[in-house]
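The letters A, B, C and D name the chains in turn, as written, and every chain counts its residues from 1.
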Amino acid sequence: MSHCWGMAVDLDRCTGCGACVIACQAENNVPTVGEEAAQKSRTMHWIRIERYYEGEFPNPRVRFRPVLCQQCDNAPCEPVCPTYASYHTSEGLNGQVYNRCIGTRYCANACPYTVRTFNFFNPVWDKPLHLQLNPEVSVRQIGVMEKCTFCIQRIKASEIQAKAENRALREGEPVPACVQSCPPKALVFGDLNDPDSEVSRLARSPRGAKLLSELGTQPKITYLQRDSWDGPNS
Amino acid sequence: MAQTAEQIQRDLLRPVLDPSRRAKPVIAGLALLVLAGFSAWMYQMYTGIGVAGIRRPVFWGFYITNFVFWIGISHAGTLISAILRLSNATWRRPITRCAEVITVFALLIGAMFPLIHLGRPWLAFWLAPYPNQRGLWPNYRSPLLWDFFAINTYLIGSLIFLLLPLIPDCALLRDNVTGWRNKLYSLLSLGWRGTQKQWHRLEAAMHIMAILIIPVAVSVHTIVSWDFAMTPVPMWHSTIFAPYFVAGAIFSGIAALIIAMVFLRSSLHLEEYLRPECFDNLGKLLLVMSLLWFYFLFAERLTTWYGNARPEIAVFWLTQRGPYRHLFWVMVGCNFVLPFPLLAIKKLRTIAGTFLASVAVVIGMWIERYLIIVPSLSHKFLPYAWGTYRPTWVEITITAATFCGMALLYLLFSEVVPVVSIWELKAGLREPVR
Amino acid sequence: MSSARGIFVLCSEPDRTERAVNALLSAGLPMSDIIVISSEPLERYRFAELKKVRMPWLVVCGAVLGGMGGFLLTSLTQKGLAIRTGGMPVLTLWTDGIVTYELTMLGAILTTIVVFLVTARLVFRNHLPYDPQVSQGKVMVGIASAPDALRDKIAEMFKAIGEIRE
Amino acid sequence: MERRDFLKFGVLTGATATLTACEKPVQQLVRFVPEEDFVPGVATWKPSLCTLCPAGCGVTVRIMDGEAEVVRNGQRGILKMGLAKKLEGNARHPVNRGKLCARGQAGLQVTYHPDRVSGPLKRSSSRGSGDFQEIGWPEALSEVVTKLAELRSQQQADSIRFVTGEMRGHRRELINQFLASLGAPAAVQFAPLDEPVLRRANVLAFGRAAMPSFDLERANYVISFGADFLGTWNSPVAQSIGYGEMRRGRPGNRGKFVQVEQRMSQTGANADEWVPSSPGSEGLLALGLAHVIVKEGLRSNPTEINSSREVEEKLKDETYSPTQIATRTGISANRIERLAREMAAHPPSIAVIGGTPLAQTNGLFNALAVNLLNMVLGSIGSPGGMFFAPGASTVKEASSANQSVDFVAQVLSGGLENAEVLFLDNTNPVFAMPPSWQVSQKMKRTPFIVSFGRFMDETSVLADLILPDHSPLESWLDDVPESGTSEAVFTLAAPAMRPLHNTRAMPDVLLEIAHSLGGSVSEALPWKTFEEMLQASYRELARAERCHPTDGFEKFWGRMLEQGGWWDGQCQIHSPESPALEFQAPEFVPPRFDGSEQEFPFYFQPYVAEAFLDGSLAHLPWMQELPDALSTVMWGSWLELNPKTAEKLQIQQGDLIQVRSRHGSLETPAVLNPAIAFDVVAMPMGQGHAQFGRYAAQRGANPMSVVAPLQVEQVGSLAWAATRVSLSRTGRKGRLSLASGALYEQEKELELR
């Protein structure tokens, strides 16, 4: 059975701590850009935690929402790429072939979630910070677009491991870096083709909703809305 | 119509045979500015696209604005000239060529911008469908590919449309010069003799080209608009975009043509040829386009406002009352409020009047493109990811250089070939007055 | 090779041109053999009425070729690559239509220019006589080749009209 | 021939061969013989320990081979070695159960930081100038030994001072034994993240000087007074895991969470109800809640203490009635009653206190009041309540209480000036103390300062000698987590990778010094290396009843190193062994603030920044570029104020603001925050370093530069939230990098229309 990787984000668990952001940065060789570029919002994070206020003092509320590539089935970023740099993998992911990218940045404009980041300059790691780089993820060069891959290298590694051991993938395997790190377990990853997986179960939750579902992009990430408290058995 | 054929020939060949000395410093100055723009581009290539002001989420800025703007300007020529040719308007004769030249040069400049804006411009050839070892072909679903085909078709078509009627005039020049220039014009005239058969074929070919070039021109700006309309970006994803862009393109094209004609008229002493009637007629056309533009603007704005969908309305208010409001109202002023009285009142529709209106329209239409691109991108769906955009000196230099480049190319062109078609004017002399 | 020589007269005004043409016609030459060289199209004269050309039909053929080429290029390469993007099918006829359209127009445009260059005998060498005075407004009338006897007769008639060029 | 030998040959012939082909061989480096075996391209995971905050999470380090420029025997060269590539939580570790916070993961960059002190340094010009020269380890050590020997011979060993940061495990043990053998006073801990006020309150309430743990998984109602327990406070990862389970881990039962604070923290942002009581009134609010519960008889099973009767009587007093308290806290009486009834009706419920309320002058009162509320709620040592981790008592607790108080006392009593020799390890008091206490000036008078700092920070720059420590990943580490777990845990980790630089582990250096000093000092510290000391110590542990090594110590030791420590796997939530049975209800003490309300209209609340903690992580580029959870600022500092306040002062987002107190002023850009009280301004700690590597130096402003030197009453620690400030515009824009483009998702475009 082929896999269809998906994620569930339980906003009732998410505390906005940012562990996923750094986990992703460490796993995927996402560079830091420095203050000047950060001021121009050219940071490269593949996952961000959106913070929205609601109301005002003395009754303010805040909602956090981790936003990463939604790996849409009908991804607006894919068809606009003239060189097939962004394409659809057989496992339903929105692939990005860095070597094929010529940097039109069209995909980034088309992406309604604004999750694609662009290498405005060559990334720099002051020596010896370059030693932290993950050899299993390519370092992107100037002029190419990049984005969350659902940690494709981890998915592939798990699949190869399972194949070598002549078994099917287990629940909780593979696991992207952000999901691995999330302390309150707000992020859940798994195979949507398996109706018994936890992610499938959560995706069916009545609290579940897709981000910007009105656009018809059919994302593979389900957001489970934050609940409110009205008694012990809510 | 006091001219004779000899007079026409003498007047119109003069700028080529005996170019004015005054043009030299102007050419040098323009060349210097173009060089500055080129250096800025090289600097950007060397350092990285990051020296431009684009950022997340405004990944397209000045460069794509310029792209749309110049492709729009390119609609001046060919389209107007083709329509006028087909409708056999007599006043077209002195202006067709200066219009067609604008098309070719504006297209060349416009087509440069997608390259300038690329992250890795050295790989731009990957857009072309060519057989290759890995069996990779471009993605025809991408509007950029449509652009690639449309702009190339339009460029080839416009070039032919410009060069065809240039053949007899090159033959004329060939007979009037000696030395290397004779060789050059002999080459350009392709061995033109002027037999009745050649004349006939030329007219037939021009007729067919005029028919062909109109749908191509329309498709080009339609496809440019689809670069935007195909993506789910608030206020981009709209069916009105194609006609809106085409109308805007013709609008700015006519304005550019009027500006060019005013300069040609005074600098090449073509007062006898580019007569006030031409400006009056073009002024009327510009007026129609101005009304049409305003109609489209109103239709677009009203639909958005009435629809009140959240992402669109955010962009709507951003341009209407937000930080882009000044630009918005300058645009409306330049494209409608100022040109309308200048062009509608007959007394004001003079050369000076149409010139003023045209300058306003060119500025206004540049702003229009900027306002289409930047506010929408800066306010996409998720407010957390909203952003801003500010151009850097690199973008400004390159933009300025393209305007200088246009002037420079035009000036050089007018010194190489007669910018008003001699044979067509001559033929017009014999035309029965309708 | 004297038999292949042509004879032309340089006329200074349109009326004389007409006379020259009439002279040639009266000499029994068919209209299609008569050559008029001018620096501007002389549309209003009888000699300008040429039979219809097949240019538009050739252009349509070129357009069809271009369009077919465009459709084949898009559809075959799409099928060959078989990469799905954006939830669209491998063969996206809507978008292929746009490329097909552009290539149709390109085919038509290129055919037009080629047909023009060929039928107007441009680029490819021709050995017509020419006089730079044509660009001063004169019109050359004559035939590209004539037997000597006929030539003398024509020369005789042309003398009254203007300078003769051989 | 073995692989290693083969490689040795390869090194001799192949050294720099690859470089000769290049046109410009910039620097021909020697290629060293690899020191370890590994399979190229295959990752191995080694357990380690996170030392960046006191929580003590277990870590696994992903090691892959790579080539690094290293220093060996004073020579620089290229070494193919196992390199740490990523830090993840140790899945088996009871505290963090495979999870790790952003800071912990960024700990990787400590090792690879470009501005690490790469070898011993000796001051070469005036103190504080920052001019150092490189020296060799033998010279450096002999200098220290000479100095110490001299002091010992002059009977002045009591003038040796040793200041450390957060101390853990046997490092502290070794330092203390070292000092004791010299006859010097015990080490003084200066750790700004420590909560001495809470420790004192816990001593008074429960007889325990430890930080509490919370069984959030099973709690139904959590009220937190200022504690950023999901972000930076206590054991944030363990608490976040518990929080997630409290919210969604029990189908059909979602616990409620109430946060009491004046400026919304990352933790407060997750609250169901956010209660902005006035600064310093948190304890009063807690007593008000307790009053309602006691008076209305809502208690289900309160913690039994002998003094229950008196406490109850006192609580029932009208001074704590909601109407009385409403005026002082700014929270309506109705709301107080409702909250009290809710929390009583939904046990188990927990009250937590930390951060700002403890940094008021009446911090001890606030802490004691919350402890009392917990007693009233019956949440002490019961499932779903608060408890003390079993490990807390074993190693750490005994001497950890009031350590940073000691440092403040040292500073104020002139202890620093009297020092002849000052050792500094992993601490930066110059940065983290208000300037008015003049730590820097006082330290400058110390004749001889030795720092074990890995980085040149504001304190290390004053040193005469810098003996750089290994990075944590290069060191032997052990720890007993003080909170965050109900199991007895000993975390132990061998070095995950070989050292990159010419550094030495601080414990090894101490042992070497001890041996060089000889005599009684050497005898007291018989181990050659820290590893030996650890083995010896854990051999004792292995004999202890709980650990049961049935197959011998070697196997036990191997298992410990493999899984990253030892834990018993038994949940032990029970009441403190010795509750303070005579606990009395605390007397209300109003908070004092520095500066008059007229001249300085705003309460100034520094807070522990999520990314930088107390500033000790400001040098990590990942942390600098991590958008702050609420303000979303990167690469800088900022001042948070309410949009309404800003409007009144005509301040806009990003305007450079001058913040002035009676003790100093600073400039920083304004950030609008709709979730802060009108009369409160807040500023993150951690930026404003004068020195701390290229990413932190000269960046932003340090809130400590305006903090008044007030002390928490009866405890003596710094009351860093008790300053009043005034704001004024400078007329300039500040440098502000914001990740967020909008404050609200439903933008106020409706208003625009």
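Everything that follows uses one rule, which is that a contact is a pair of C-beta atoms (placed from the backbone, for glycine too) under 8 Å apart; a residue touches a chain by one contact, two chains touch by 3 or more.
None of these values were measured; they are calculated from a predicted model.
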For chain C and chain D, chains touching each: A, B
Far-end chain from chain D, centres as C-alpha averages: C
Centre distance in Å when chain B and chain C are each reduced to the mean of their C-alpha atoms: 30
Chain centre separation in whole Å, for chain D relative to chain A (CA means): 30
Centre distance in Å when chain A and chain C are each reduced to the mean of their C-alpha atoms: 63
Sequence positions of chain C contacting 2 or more other chains: 81, 83, 85-86, 88, 92
Per-residue overlap in chain D, given as positions that touch at least 2 other chains: 739-742, 744-745
Touching two or more other chains - residue numbers and ranges from chain B: 136, 139, 141, 145, 382-385, 387
Topology of the chain contact graph, where touching chains are joined (line, ring, star, complete, other): other
Pairwise chain contacts, counting only pairs that touch as defined: A-B, A-C, A-D, B-C, B-D
For the chain C and chain B complex, residues of the former touching the latter: 35-44, 47-48, 50, 53, 55-56, 59, 70, 73-74, 77-78, 80-81, 83, 85-86, 88, 92, 95-96, 98-99, 101-103, 105-106, 108-110, 112-113, 115-117, 119-126, 128, 130, 132, 134-137
List of chain D residues in touch with chain A within their complex: 41, 64, 66, 68-69, 83-89, 96, 98-103, 105-106, 108-109, 112-114, 220, 230-231, 236-237, 240-241, 243-244, 247-248, 252-254, 256-257, 264, 266-270, 272-274, 276, 345-346, 500, 610-611, 621-622, 624-627, 629-630, 632, 634-636, 642-644, 674-678, 694, 699, 735-746
Interfacial residue positions of chain A with respect to chain D in the complex: 10, 12-13, 15-19, 21-23, 25-27, 32-35, 38-39, 41, 43, 45, 48-64, 126-135, 177, 180-186, 227-229, 232-234
Chain C-touching residues of chain B, taken from the complex the two chains share: 5-6, 9, 129, 135-137, 139-141, 145-146, 149-150, 152-153, 156-157, 160, 164, 167-168, 171-172, 175-176, 190-205, 208-209, 212-213, 215-216, 219, 223, 423, 426-427, 430
Complex interface listing, chain B residues touching chain D: 313-314, 317, 321-322, 378, 382-387
